[in-house]
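Labels run A, B, C, D, E, F, G, H, I and J following the written order; every chain starts at residue 1.
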């Protein structure tokens, strides 16, 4: 079951560059583990923004929320989620 | 797995009152069968609008799209879908 | 008399994790008491957001505002309220 | 229990001036009966628009929807409804 | 001459609870004096928000701006103003 | 008492060029009479749009609505009205 | 080089069901040929809408516009295009 | 003096393909004459839309409006205009 | 060559009342010099807001940007600019 | 391959004028090097805003994101990117 997630990152002004770098490193590790598991199918950078376009393959809404709210950078992200179904023209 | 759907109906000017009434009767039958099956948990009228707020309990995104696109009035509805998960404060 | 409330939480940067946890504990207790009383019919988490979708059953607008403004996290929430009526297709 | 309703009227191009005048006459009669009953407290024209700002005093959401959906011009109106409560500064 | 004003209050994070309470007390006194004078016809709380819906009866735009900008909480309010006229259906 | 009005014109597809020209001629006459009377202080074309920016000097909201709703092209215009007051920096 | 395209379909009221079916059949053929060529990587249906989320892999903006404007249903689609780059966390 | 214009074309449903083609041919001729004159510096197609991004170099607002309102397709275009100045980093 | 500018002022929370008053005094002096020069034709206060509606008469976009960016309060203002032309109904 | 980028700059309140000036100097150098290379075709100031309209000529989305995210002021900019293609009327 697939979802499109469009995520925009905004770190608060009060975070130090070290805290930001720490969060980004944790995020990378968490993100790559999910990609290897098959639940996080694709992630792209949006040109000109600190934002991404992601495709998830999960068994339920519940599991998707667990994944998203578990992101180390979740508190700094605004996420728009679109539920997807099979398209009749897809081969 | 639950979803909130917010639906707004707009019939085209060219439809006759008879065609509208026919569509509404078909919609009622379809809607009530889904409510009896347990997949369509709740439907409320939005005060002052030809619109509703609905809660669905379905097994997948795919099934939700089948249900929604099967509505006899689907061509005349604009639907916003929000994927829901369990809230930690729910009893 | 039912209402849909869509609530989005945003804690200010200056709140410590302890203050946040304290507010969340108070919120849980308050929310669950209302759910047990029957006035707070349902609460769902919005996937990917610190937000919820809630259904209230109250006797008046006045009572709904008392409930909402009494939430311990009320100062940190943006709430959109939609008045609901019976839908003619509801069984 | 009070509500603010903001209504915008848009008649379809296909309606004749006679049909419009007929609807307006029916609307006036319906509106004035409600004003006399005490449920429709106030109605103002919005400057520069075919729109109004109205205050209703009703016993329930259900009753408000009955009133609004009963307007002869309801099919041609877009209505935004705001639930109101007592303000602590009101005398 | 009537106006609808929709006011949303947002206190800055840096204000202490004492400063907020002081501003609210001043606001109440100012608001009630205007209500007694007849220029501030009605004020309602918007359900679920730190916001109000107000109706003013003033002799000019100039006077309305004097009233609004004189609110002790004016610096913390976002105000949308709608000029109103007599509605042909009003009784 | 001054107001800014921003007007956008949209003629329906079904109007013939002759009907449009007739409405425009009536509009011109009506508009120029108001300009000569002193109530319609200024009118500018918005570059690239069938729209204008206008300044009115009227004695009341009521009078402004009479003027605007009297425009021969009023049914084809969307008008946004902003109430203005004296600016403290104006000379 | 990848792009996210979000397409919403709206057929005009005047099209007959036969014309719609003909356009849909042409669209399917065109779409599947592009998917087989590798330029049209993925297409998903948006739940509850006559809309899709698509990922393209093309050599240039020019080629993407050729593809999109060549869709048999292009005149009936509103398309939002987002340019994508490699995400540093992608594996 | 430069301006950015972002134009979106929408032909009404009632125009025949021949009328559309005729308007497009007239538009092309008009547009290319302006490009040759130096007043219409650049025009680009927006990917996935019947829209363009254009840069004009004109002596006044008045001249820009003459150019834009003279487009054969002007009645079918929505145009957003942004006034531009020299950027301090431009070489 | 005329422009409509709609300016909204927002001072940051960190500015002291003295700094604000200093900026406002500088702004007044700057604004009045421009009004006397003839380039700043009119300035009105928007009722209920720390905002203004202004009309400028300048020789170029470049000059307008010099004027606007030279405002002592420019860093605290959000400005929307609309290029204006002569209206065919203006007398 | 061309892109329109519309960039809006917002420096955080906590940055000192020296830090801002340093960033601006770095930005100028970076920007001018790109303009000389031919990849940054044009940059204009938006009248009345700390914003710009820019045209890029790059070989890929990837390259455009490298350029934009490399701007010294990138963390303080909101950038909207529009992919462009050849317009059939361009000479």
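Note that in this section a contact is a pair of C-beta atoms (placed from the backbone, for glycine too) under 8 Å apart; a residue touches a chain by one contact, two chains touch by 3 or more.
In this text, all values refer to a predicted model and were calculated from it rather than measured experimentally.
Participant: Which other chains touch chain D while also touching chain I?
Facilitator: E, F
Participant: Of the pairs E-F, G-J or A-C, which has an interface that repeats that of A-J (more than half of the contact pairs shared)?
Facilitator: It is A-C that reproduces the contact pattern of A-J.
Participant: On a CA-centroid basis, which chain has its centre farthest from chain E's?
Facilitator: G
Participant: Approximately how many whole Å separate the CA-defined centres of chain A and chain E?
Facilitator: Roughly 43 Å separates the two chain centres.
Participant: Quick one: chain H and chain I, Cα centre-to-centre, how many Å?
Facilitator: 29
Participant: Provide the C-alpha centroid distance between chain D and chain J, rounded to the nearest whole angstrom.
Facilitator: Those two chain centres are 50 Å apart.
Participant: Measuring centre to centre with CA averages, how many angstrom lie between chain B and chain C?
Facilitator: Distance between chain centres: 23 Å.
Participant: Counting only residues that touch at least 2 other chains, which ones in chain A make the list?
Facilitator: 2-3, 13, 45, 47-48, 61, 64-65, 81, 83-86, in rising order.
Participant: By the touch definition up top, name every chain pair that qualifies.
Facilitator: Once each pair is checked, the touching ones are A-B, A-C, A-G, A-J, B-C, B-D, B-G, C-D, C-E, D-E, D-F, E-F, E-I, F-H, F-I, G-H, G-J, H-I, H-J, I-J.
Participant: Per the contact definition, I'd like the list of chain J residues that touch chain I in the complex.
Facilitator: 13, 45, 47-49
Participant: For the complex, give me every residue of chain D touching chain E.
Facilitator: Residues 2, 4, 27-28, 31-32, 35-36, 42-48, 52-53, 55, 82-91 of chain D touch chain E in their complex.
Participant: Can you tell me which positions in chain E touch chain I when the two form their complex?
Facilitator: Those residues of chain E that touch chain I are 3, 5, 12-14, 61, 64-65, 68-69, 79-81.
Participant: What residues on chain I touch chain H, complex-wise?
Facilitator: Interface residues on the chain I side: 1-3, 60-62, 64-65, 81, 83-86.
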